[in-house]
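Labels run A, B, C and D following the written order; every chain starts at residue 1.
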Amino acid sequence: MASQDIIARSATTTLPPSVRQQEEVAKLIDTSKCIGCKACQVACSEWNELRDEVGHSLGTYDNPQDLSAETWTLMRFTEHENTVGNLEWLIRKDGCMHCADPGCLKACPSPGAIIQHANGIVDFNQDHCIGCGYCITGCPFNIPRISQKDHKAYKCTLCSDRVAVGLEPACVKTCPTGAIVFGSKADMKEHAAERIVDLKSRGFEQAGLYDPDGVGGTHVMYVLHHADQPQLYAGLPNQPVISPLVGLWKGMSKPLALLAMGAAVLAGFFHYVRIGPQRIEDDEHPAGKDPSVREVDPAVHVFDPSNPGAQGEDRP
Amino acid sequence: MDLNRRQFFKVAAIGLGGSSLAALGMAPAPAFAEQVRHFKLAHAHETRNTCPYCSVGCGLIMYSQGDAAKNVAQNIIHIEGDADHPVNRGTLCPKGAGLLDFIHSPSRLQYPQVRKPGSSEWTRVSWDDALDRITDLMKADRDANFVQKNAQGQTVNRWLTVGFLAASASSNEAGYMTHKVVRSFGMLGFDNQARV
Amino acid sequence: MKDKPILRYTANERSNHWAVAILFFMAALSGLALFHPALFWLSHLFGGGPWTRILHPFMGVLMFVLFLGLVIRFWRANILTANDRLWLRRVDRVMRNEEQGVPPVGKYNAGQKLLFWTLLLCMLVLLLSGVVIWRAYFSQYFGIGGIRLATLLHALAAFVLVLSIIVHIYAGIWIKGSVGAMVHGWVSRAWAKKHHGLWYREVTGEDRSDSHIGKKG
Amino acid sequence: MTNHWTDIANANLVLVMGGNAAEAHPCGFKWVTEAKAHNQARLIVVDPRFTRTASVADYYAPIRTGSDIAFMGGLINYLLSEDKIQHEYVRSYTDVSFIVKAGFSFEDGLFSGYDAAKRSYTDKSGWGYEIGEDGFAKVDPTLQDPRCVYQLMKQHYSRYTPALASQICGMPEDSMRKIWEEIATCSQPGKTMTILYALGWTQHSIGSQIIRSAAMVQLLLGNVGMPGGGVNALRGHSNIQGLTDLGLLSNLLPGYLTLASDAEQDYDAYIAKRALKPLRPGQMSYWQNYGKFHVSLMKAWYGANATAENHWGYDWLPKLDIPGYDVLKMFDMMAKGQVNGYFCQGFNPIAALPDKNRVMASLAKLKWLVVMDPLATETSEFWRNVGPYNDVETATIQTEVIRLPTTCFAEEDGSLVNSSRWLQWHWKGAEGPGQARTDVQIMSELFLRLRERYQREGGAWAEPILKLNWPYKVAHEPSPEEIAKEFNGYATADFTDVSGAAFKTGQQLSGFAQLRDDGSTASGCWIFCGSWTEQGNQMARRDNSDPYGMKQHLGWAWAWPMNRRILYNRASADLQGKPWAPNKRLVWWNGKTWGGTDVPDYKVDVAPEAAMNPFIMNPEGVARFFALDKMAEGPFPEHYEPFETPIGINPLHPGNKQATSNPAGRVFDSVWDSLGQAKDFPYAATSYRLTEHFHFWTKHCPINAVTQPEQFVEIGEALAKEKGIVAGDRVRVTCKRGHIEAVAVVTKRIRPLQVNNQTVHQIGIPLHWGFTGATRHGYLTNTLVPYLGDGNTQTPESKSFLVNLEKI
């Protein structure tokens, strides 16, 4: 795995070997060049040997309607009338953003089911996936999907198998208009800067790069004509962060809870040591007959005082 | 089960010991290898081709299993754009990117079939039977309906009762042979898919 | 016969309790395995990660159902009374094993009662939140926000539950004779008199109460 | 395409109209995005729908389907009246100065020579140039003569005012002007516009004239023969260009040679009529060599049997009594029971041809049908009852159907001609499935069997079959290499040509200039001559270098003619032979020869002073605004309404019923009753393809089926509101010829238009679904298309027809 050193691994408290200095890769999706042809969708399915079922048309161009274990990327179409009343057809390729701070990895309870490579790829390893779906809970972009076939989580791998041997991801290679490009994250940012200049020259004043730092930046970035309103693009989150709920759940609460439980046990232990148990002293040497007590079986009495001796459990 | 002090100490000790072992990560040592899927084209055989769909004529590389040795039936497992091609430069559109499913489409025809008049099903036939049958039909019709001279007695040598629709994606070689053969029969009801 | 023991729990009550206890341990261990990486190894007790994921919710639901049995049996005995408030105010004496000023206790003392209601609350939260995050069957009916909240609540409730049970277990170890009560059902008269005076009098019908204890304190 | 895919990157302005390049040709469209990104090019899209091409356009304007000539006519008027034209180019390289015959006239929508009874122009004698005593056409370089092409054109288009054009197109006048102004900037020599079109222009009863009007605009701007310019037909299928080049049409022979008509009994007259002499001094008029091409073809087909004595087998070719037996004509004859047998080779007519029900009925009248295809097409199963999608009585259909499995691209060697006229060789990667065979093998086996039967039993006019040249090493399966070498051409005898070069018998020829009419050369398709020379297979060349940075890639594959990448490229240089602009250099005169970044489409050793003009295939040497007698409906494009028009009249000629729709359009007598009117079918519909699918093929591919699984129609929000339709509802679309049902896509991308002071709603109907394949079954969209078409090309009017719409 020389080209695929791992820098983070789900549910693993120790640090994996990651001393090599590797350049981060990134996929840049230029929505202003995208024609929504779905070539990337098809190339992804072809390369990854995925065949989603033939669905229905629901009166939109979005097909399939949503990501699934067999659809790792898809086009989302939005008809938007801009301020001057001109129609814009905003088309966004949706899929895993490969966050620098991946919520899925943070949430995953199974060691090695989610790994983050030094080049930035966040990959799922179904061998270790237990299908709990915590990754979905953790993802700020709502990307992973659990297969109903094998109950394991799937998503875009950024073609880690292709990148490992020095190739670009399948969607990048196929993109007819060059709306998807791939390279070092630095180069991609530079490319984006050029595109933004061109877009501004065409009247898109708010054109910009989408590389949200709420998740530490992403290794899939967008060039948007309206970078000020990412939500226009089929609800691309404006300031994505790992949900505070998830942060609480998989953050401090984990060690604190364990600590508290341990503390409780210790507290008991020392209470026992210092104060000791409560015993019935007179149990040790039985006292003589106490006349104050009537010769009655209390158990029977418990059950039916009005009918002595009716029923009751045998003495041990 | 009354514990006395001594017994309790034992239990507590074991408990703590267990949990501290856990804290040390008594889980099996994590395996860091085999994280990335094996690259499937490592030794696939490459063949250059051209996309059969639209007229951009994108270059393709077809990857097939086996090294074309005598004992291997080449099976195409993946198709990708040809990065050297000046027009598509490695890219493919949604149709081209899915070519693998065209080659392996469940709708591919496997052997000659005949549907008899009025029948609601196909019956499989051999190539010889199919071709002989077509030859009979053609010869009979041509001999019956060939026009050598028109009303004015001009030599016209045409055959109008049988027509031929040529393809739109067959190779120049196939097209040229088709034209050569069809004209030699004297056919004029000859056309291709240029308009639709 | 002064040493004649008293029956505290019938066989059904005891079985029900231990069934819940066993399921609690399974649910808790499997839950902890999914909660903290350091405890993921516990999943091996259940046949590995996927099996842990599959079994945990079923164990939880079963535990809840059986716990309802205990609730039906004991909820009346767990209604808090005026004495309980006094008892709680003087819980420090209880902790020091002192008896001066600790009001007499019925079948259950205030601590046990609080535990009872805490367990019920936690189990309810666990059940409801557990359904929401049960991927195999129900999660598709809930929004991502709800699922995230449920996940957190599930963890919190589980945490409280585990702590409560630790206290519960220790109490059993601390108060000699109580474990036996839940194992074979019987307690000695002295034990009953000491720890659950009111209950003792109720079951023995003894009227000459040591009411002076209260005054003294 | 006059130019080619990568050359689009040289454009400063891209007009996509009558096409949807981004969706239909995504990988070619890459060069539009390149032009935008690296040439600061602007993209204009004019289309009835806001397409995915429009989604990346700098400017989009809606237009009513079928009104494109009004838009172009208005543009021509604008360019002429605002004088925004490339003067030197227009004056020198076009026919503006030519004097037109006095007999030519245009009145109330009709040109001179119209025969209303025959619905065609039977007398085109007036549609020509005045010829002087010297035998050359008369010209007036001052362009003042009222009969010169310039004046006539100006007069003709003066009627196309912005207001009227906007009324016909339903395009807001300001949008129209904005686009015209942008286009007009390309009259500067350093700026070029490319026009990309496809079936959106061809599939109209006036399709050919729409394209002519676009060509006229490009000539006025001086953009023909220029890098980043041209009029570019984006062909539909991978080798439809090649199959057209090879003449697989009723009236053609390979290389755009034409079959004789009955009247042409005399061989020499037949050749003479086609070997056009120059109409101006010093012009090349390359068709003068027609005889060489024809004889070489006959030598390729009939070898030693074709001799001067038998006029190279002239009588072995059939003759035409009518212009042609195209597919529409054949199915019309079929319906009348005049056709007994039919072959479909990789063609799915019931899905592809107009008026599916009519086509079905015609097929059912056949005695036998042979289908050769890799896939199970609807046509091969037209007899199968598939519920509402194909509701036929199987038992009553007496057609015997024989279905032969063929290989596909991946399973054979061979060459395809792309839209850039590049012949590209491809290699076999695997065997076909089961018993599939190549088309070559099937055709060969059929021929050999038939020849054997005629040898044995004799029969009607066996000569052309028995005499056919069949030199192939494996007779029943000729190799693609053998065939390619044959259509390239070879010497059939030793000879020495005028340049003194010696040729040995059997030697491969390297260009059509070497072809001869004495029988010493054979070439199956003269324009392909040079594709397989003594140096080997030129179509397999893979040098993608671009030394001049002009994206011409001369070393990649081979383009006809003579590896020229941009046609008429001599026009990219001025009269002195210098490029019009340094950033647009293509070919130039270096003092001794022509050369540059492309292979000159010109005689390389003719100096500019000789004043030989760039359009060497035309006898006059210049490009034509005035089409002479070449077009069915007149020398100048005129707007006529679709045969099913939503407004009922032609706003240009409201008074003349004859001029409402194309007076010379192709309409069979039996078709008139099947045409609907706006009062019953108020909505203008247009059919088209989506980027997710290719025609009727990819619905057989699961991976593509997923991306557009089910048939739908697109409806504008306004109309949907009117009809109470919401996205996802099922709707029924009805026309006079039948109906389809589909899911409704309700969109902002189709808006109601104000046409002739009334509101016209348009409905979009994609066509990829049918009753075989992996997608959900659907209705064949062409059920709705009228069975009529363009009078020149016989292309059906699939883009403009009337329908009604109801929610189910």
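FYI, a residue touches a chain if its C-beta (ideal position, glycine included) is under 8 Å from a C-beta of that chain, and two chains touch if they have at least 3 such contacts.
Protein identities per chain, from UniProt: C = Formate dehydrogenase subunit gamma.
Computed from a predicted model, the values in this text were never measured in an experiment.
Undergrad: By CA centroids, point me to the most central chain in this structure.
TA: B
Undergrad: Across the interfaces A-C and A-D, which one involves more C-beta pairs in contact?
TA: Pair with more contacting C-beta pairs, A-C versus A-D: A-C.
Undergrad: When the C-alpha atoms of subunit A and subunit C are each averaged to a single point, how far apart are the two points in Å?
TA: Computed from C-alpha means, the inter-chain centre distance equals 35 Å.
Undergrad: Centroid of subunit B to centroid of subunit C, CA atoms only: how many Å?
TA: 66
Undergrad: When the C-alpha atoms of subunit C and subunit D are each averaged to a single point, how far apart are the two points in Å?
TA: So the centroids are 85 Å from each other.
Undergrad: Find the geometric centre of each of subunit A and subunit D from their Cα atoms only, then give the gap between the two centres in Å, rounded to an integer.
TA: For subunit A versus subunit D, the centre distance works out to 53 Å.
Undergrad: Could you say which residues in subunit D touch two or more other chains, in rising order?
TA: Those would be 26-27, 30, 691-692, 702-704, 707, 774.
Undergrad: Multi-chain contacts in subunit A: which residues touch at least two other chains?
TA: Residue numbers touching two or more other chains: 12-13, 37-39, 41-42, 45-46, 111, 176, 178, 258, 265, 272, 276-277.
Undergrad: Could you list which residues of subunit C touch at least two other chains?
TA: Residues 37-40, 173, 176-177.
Undergrad: Quick check: in the complex, which residue numbers of subunit C touch subunit A?
TA: Residues of subunit C touching subunit A: 1-7, 10, 33-40, 43, 48-50, 52-53, 95-97, 133, 135-136, 139, 144-145, 147-149, 151-152, 155-156, 159, 162-163, 166-167, 169-170, 173-177, 184-186, 188-191, 194-195, 203-206, 208.
Undergrad: Inside the complex, what are the residues of subunit A that reach subunit B?
TA: The contact residues of subunit A facing subunit B are 1, 4, 6, 9, 12-14, 16-17, 37-39, 41-43, 45-47, 111-112, 115, 117, 123, 125, 127, 157, 160-162, 164-165, 170, 173-176, 178, 258, 262, 265, 269, 272, 276-277.
Undergrad: Report the residues of subunit A in contact with subunit D in the complex, numbered from low to high.
TA: 32-39, 41-42, 45-46, 51-61, 63-64, 71, 79, 81, 87-89, 91, 176-179, 195, 198, 201-202
Undergrad: Using the touch definition up top, name the residues of subunit D that touch subunit A in the complex.
TA: 22-23, 26-27, 29-30, 33-34, 36-37, 40, 50, 52-56, 58, 60, 691-692, 702-712, 726-729, 743-749, 774-776
Undergrad: Residue numbers of subunit B touching subunit D in their complex, please.
TA: 45, 47-60, 62, 64, 73-76, 81, 84-89, 91-96, 98-103, 105-120, 122, 127, 130-135, 137-139, 141-143, 145-146, 148, 150, 152, 154-181, 183-196
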